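The following pair of complexes shares a single chain, chain A, combined with chain B in the former and chain C in the latter.
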Partner chain A sequence: MISNKETIVALAAQQKRLDQRGLLEYRKPIVIETDISWTAEGSARVQIGSTVVLAGVKLSIEKPYNDTPDEGGITVNVELLPLSSPKYESGPPGMAAIELARVVDRGIREAKAIDVKKLCITPGEKAWFVIIDVVTVNDAGNLFDAAGLAALAALNSARFPMVNKETGVIDYKHKTTTPLPLVKQPLPLTVYKINGQLMVDLSTNEEIAYDARLTVASDKDGTISALQKGGSEPLTVEEIDAMMTIALEKARFLREELQKQLK
Partner chain B sequence: MGTLKAQERNIVIPGEILAEGMDYLPGENTYREQENIYSKVLGLVTLVGRVIKITPLSGPYVLKIGDKIIAQVTDITMNGWRVSTNTAYTAMLNVKDATTRFVKKEEDLSKILAIGDYVVVRIVNVTSQNLIDVIMKEPGLHKISGGRIISLNSQKVPRLIGKQGSMISLIKERTGCEITVGQNGLVWLKGTPEGEYLAEQAVHLVEEKAHLEGLTVRMEKFLSTGVKA
Partner chain C sequence: MVYKQRLDGRKDDELRPIEAKAGVIPNATGSASFKIGKTWALAAVYGPRELFPKFLQNPKEGVLRCHYGMMPFSGSGERVRPGSNRRAQEIAMVIGKALEPVVDLSAFPNSVVDVYIDLPQTDAGTRCAGLSAASMALADAGIPMKDMVSSVAVGKVDNRIVADLDYREEHIEEFNPESEGASVSDIPVAVIHNTGEVVLLQMDGKISKIELVTALRLAQKVTEKIYLEQKRALLERFPRE
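And then the complex of A and B:
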């Protein structure tokens, strides 16, 4: 569909949306599958409506950074594949891909979700590094939530690979049963503002019309670990307050879906 | 003796043998190689006497003189606008073909049509080099405001309109929407939000089920119950 910005803005004033959803209603179905790739240590496929993203977690042993000799690390990469939308081209990541990667990364990093000290094998020499790769399969809107959810699901499903004790070489073909030292479950959630109304889970049609957005990464108990504001319009303190409330409530909803589907 | 290999309303793929022997004649989207007739496209077989034709299931829209299309303004030039036609080619809309009123030399053309605006236009000229001229000065041609634009496989446009416009008037009547169908596969809907949503679903129903029989019955059922059969 080719959307008409005026229509979306006018509908928002009446608290309505193009596809007859409620302002705070997610598209259906929400499908979360894990362990979809045998080459990755942890992986997940998340579908929200017709948006589909894949996330993979790879683990490798590297030398720790000089300023943190007793810590491992995490890296998040997002690739917006040209197959997922006519908007995307192949080549080096653009603004959108970098922002998406950094928002997912910040949610996990700032929550201190992974106990990086436990990733260290020999201080100053060897530590585990967690590499999270997110790729989009279909962009039908709201990649932020889908990518965040996929990254979290993939982290939960990750298991360390076997390491040869004598040579120190990783045997990626065999996994141990040890999960990652995940101490928190951060989940980013994005609330959008269109014509003064706050809504979640925009479709690609609606994405052209938002004035501002706020991504709130929160833990199970509601602890907020990261925020990211986007869009050209400013937000008032009251609006930010309302957006946080919505984000926490909707994060609880997504977390329930995650729990339900991972059993 | 010629033998027919494909039956009426069969779905065939490019290169598939449709008939053997010289008794049948190749029609639209088919070709003869020696004794056999083959399909050029993915589509449905239609037999008209001895002629075998194929109605394609998909494929690009080819610009034709006289077609009404929905286009988007992509650039403003010295004397008009360049519009994107939802095909590989862009078209030109001259100022003199866009409005009946007098436009002064120094006037800002973006006040009349801005970049990003959608317009309903008619194709008046297509050259061999695919340079296209469109006009917006006839009744029924205008700038689009409000409503929503959806895209449809352009091969399904005749089915969406129906015989003498029967399908489109059925949808218009039941949803209360104003509907403009561009031959290039863009459809503009304007009505109440609920009506627009229903009409959008109806257009998608045509796209999904156009190759099956009894489309009108399906559509009647969908519009009265809201359930896709």
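And then the complex of A and C:
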């Protein structure tokens, strides 16, 4: 496919895209599968077009932080695997992976999606900690939305492992039927601006051409829990307003897909 | 103290169910997915592409570079810390050495062919599954190859020589009350299909010379089944006219 920045920018002016999609149209198919990894307490595979990411939830028992002795905690980590794109190299996470992990993390954390008090086992001593790892398998663009969707699907599928009553040691080979205390369902959605036009679900080809992006994490009722502006161009308040409207509307669309396919 | 029947009821030479697929990662030059039981390996090949830093380049032929990693949630116990470690580096090295005899990179001087193996879930036999996937991914990428490499672990569990040990068999004492004091030897093997030559061989445990040769013969026999699955998957990807 011919894909230079100028073409994408020029097409945007005519409200067109390289692959004939509408500006607010997601790639197809959108596939959400859960329990794809038996070794994880919860896991999911998300495909948007040809972008594929996996997410896995691991639980561990740790000492709570001193300032929150009656709370467990969550961590989100993203690995942009060299397996998934020629642009990634082996080594410690770069800026893209760190930002991605932070944005997914804040969407979940700030929505208070997990009732961290319910993760506490013995105040000041023991609490459950939730680690969500998202790894890329094929990066064909829009990792923010794919990673957020995979993380949420994996959280929904997670079940606590058994704990040996005498030793307090986790028996990872056996799961209980108890799900995580997941009280909100935050989903990040990213709206991009190319040549004055707003669009969603950029492919890798299009990602080289955006001027600005805004990721909006929102819950079912439209409550916003995290925002992240990216890109090197500024946004007007009017543009931000319009981007939020699109983000909330498209989040509803992705959430419907999630509910349809989560079983 | 005798291992009468395998824990999952398999015959001694019976492999776990295999699912092999080629061309699963569109960004890669070639790729494959190889599942055996609950062990699942993905492999992607990138290249031939220019090798940097330049002092690593070989002007006579291309360099094959393998990478192996368990995804953070792929261990059957605690979370696996992402990033490389000595185990991963050693496995990547022996996988590379196993593939070198069948791969011909003489047409690609100063280039590198990168093979990335990542596992979403594991239940023993990860280097073998990774190697079987990598061999398919190289073929899928159109890299000149003399043959396929097919890999599986064989071993001795208590008194039995068996193929394709799973995690429970590797830790038989823990999972089989009758096997108290039993020893397990785990022998990852990789075989070149046409010649039957061994390109990967490691062993952890105790075994006699006679038992080892028996185990290797078993490996030669059962890797044929892996080869057939690899071939079937590649034919599915590139149907004959």
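Here, the second predicted complex is superposed on the first by the 261 of 263 C-alpha atoms of A that agree within 3 Å, B and C clash if a C-alpha of one lies under 4 Å from a C-alpha of the other, contacts with A are read in each partner's own complex, and residues count from 1 in each chain.
Definition applied: a residue touches a chain if its C-beta (ideal position, glycine included) is under 8 Å from a C-beta of that chain, and two chains touch if they have at least 3 such contacts.
Keep in mind it's a predicted model, so treat the numbers as computed, not measured.
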Chain B versus chain C as contact partner of A:Ala140, first or second or both or neither: second
Chain B versus chain C as contact partner of A:Gln20, first or second or both or neither: first
First, second, both or neither for A:Ala209, with chain B first and chain C second: neither
First (chain B), second (chain C), both or neither touched by A:Asn4: first
First (chain B), second (chain C), both or neither touched by A:Leu83: second
Partner, of chain C and chain B, that touches more residues belonging to chain A: C
Chain B/chain C common contact set on chain A: none
Residue ranges of chain B touching chain A (in the complex, touch as defined): 72, 118, 144-151, 186, 193-194, 197, 200
Chain C - residues contacting chain A, complex: 25-28, 38, 40, 42-44, 46, 49, 67, 69, 71-79, 82-84, 114, 116-118, 120-123
Chain A residues touching chain B - in the complex, by the definition given at the top: 1-4, 6-7, 10-11, 14, 16, 18-20
For the chain A and chain C complex, residues of the former touching the latter: 36-40, 43, 50, 52, 54, 56-58, 60, 77, 79, 81-86, 90, 92, 131, 133, 135, 137-140, 170, 172-173
